[in-house]
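Letters A, B, C and D mark the chains as written, and numbering starts fresh at 1 in each.
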Amino acid sequence: MEGFRFSTDLRVRYAETDAQGVVHNAVYLVWFEIARIAYLDQFPGGYRGLVEAGMEATTIESHARYLLSTRFDDRLRIWARASDLRGARFRFDYVIGRDGEVVADGWTTHACVDATTMRPTRMPPALRERIEEIEGG
Amino acid sequence: MEGFRFSTDLRVRYAETDAQGVVHNAVYLVWFEIARIAYLDQFPGGYRGLVEAGMEATTIESHARYLLSTRFDDRLRIWARASDLRGARFRFDYVIGRDGEVVADGWTTHACVDATTMRPTRMPPALRERIEEIEGG
Amino acid sequence: MEGFRFSTDLRVRYAETDAQGVVHNAVYLVWFEIARIAYLDQFPGGYRGLVEAGMEATTIESHARYLLSTRFDDRLRIWARASDLRGARFRFDYVIGRDGEVVADGWTTHACVDATTMRPTRMPPALRERIEEIEGG
Amino acid sequence: MEGFRFSTDLRVRYAETDAQGVVHNAVYLVWFEIARIAYLDQFPGGYRGLVEAGMEATTIESHARYLLSTRFDDRLRIWARASDLRGARFRFDYVIGRDGEVVADGWTTHACVDATTMRPTRMPPALRERIEEIEGG
């Protein structure tokens, strides 16, 4: 996918569908999160390591466009890219593809927070440097 | 809430929280849907009646802003407003309040589709008229 | 419902359905939890109060029987009864009805745990007494 | 795992946790379903193929025992075994392991139904034979 260097794959669960026979719109935000977490696996310890080190990320905003329905058992690829790293804040963009066709896209914005106080805190420099390295300078 | 004539109330479920101790971001889209469906209760037969009459609504786009965390057992009020009724398409805006404070807002866009073919179809005139009546001329 | 003194009502959410057009089997455990929490509203402060006082309840076992399908917008009544209060452990039984017909039933067992250590702890005497009072001597 | 010939792996999603910091009890039923569907991948076309051929399976009963908490990012292995194939009915048993330790187990019973009428129908002979072959005669 043009502009993306990272992707992760998933298979649609039966429980993710609704009575229209397609995946429920809220599930896409769960998939975006799965892609963010898979993306952070590129950082030593991953998201779990960040949480254990006392950092959490809260979601500030989410946006999704549903272009084509997805269904039970579809094999999807989710492309993810981090950007706009400013202080405590960062943004992720996503594109969801199926057999080479884009079925959805979206973005989320986040803030790093201290896991104890839940107050905004600057992104750990090592994480910032790793993301900049992944996304290319 | 300024600009809204309809609201519905809900209580946060334990299952809606995540390990941060707050409600997961995807759940807000489920709440938006609950508000849309409650809104359509103002139309005879409600959303269920529309589905039984062969109409479905698909979600085209969603947007949410998470302003303050919500937690287990919070009592929330969701304000909803339909707008931009054009052909098959329509839009809903939402504001979620807790004790008079806004905790989140967002919007979704939709298309009416034929329940059998899933192809876009004009909104039933009786529904359009009822919405225009609710939202005021 | 014979043998039950408490019930709470709910309306099936669209997001709770799956591609078979009926409610997904996992959702019934969420409903059981909603009934437990509503049941504990009869205790001052409710489940939230217990959590704030440093007690949590973990689920040890769950069982559900799905007798009749439930669908979007169904109005359900969930009957709940606490029993078998022994030390840290207790049990809840449930019956889910729709228009006077039983659509599902089940039970769950739980242990009271200290919210900090997550180790089993005796049920607070005031809660035990309140439950015994509710269920009748 | 003694008595099981099939397993599938999964990684715990953040959205599957609740405010206790552990996975919500209802999620285990979703995981059981994932294991059933992965199991049926051993049959040509998988569960999706059966659905497309006009067969569905409904869940009649579910049972789960929660032995140890599971948490975000845990890598789990779900063992699954089909048994008790009688007419339209069948049963699945499950064991969930983490690092060689059993964290949960359970079982579900199901009925094959005609996808159009939703009435019980005998399991397709080819599926029955494949399951008997997998489970060993």
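As a convention for this text, a residue touches a chain if its C-beta (ideal position, glycine included) is under 8 Å from a C-beta of that chain, and two chains touch if they have at least 3 such contacts.
This structure is a prediction, so every number in the text was calculated from the model and none was measured.
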Counting C-beta pairs in contact, which comes out ahead: B-C or C-D? C-D
Outermost chain relative to chain A, judged by CA means, is C
If you average the Cα atoms of chain A and of chain C to get two centres, how far apart are those centres in Å? 34
Using Cα averages as centroids, what's the distance between chain B and chain C in whole Å? 28
Can you check how far apart chain C and chain D are, centre to centre, with Cα atoms defining each centre and the answer in Å? 24
Give me the residue numbers in chain A that touch at least two other chains, ranges are fine. 14-15, 24, 26, 30, 33, 72
Along chain D, where are the residues that touch chain A in the complex? 13-15, 30, 33-34, 37, 46-48, 51, 72-73
As the complex stands, chain B meets chain D at residues 14-15, 17-19, 21-22, 24, 26, 71-72
Help me check something: in the complex, which residues belonging to chain D touch chain C? 20, 24-27, 29-30, 33, 56, 58-66, 69, 108, 118
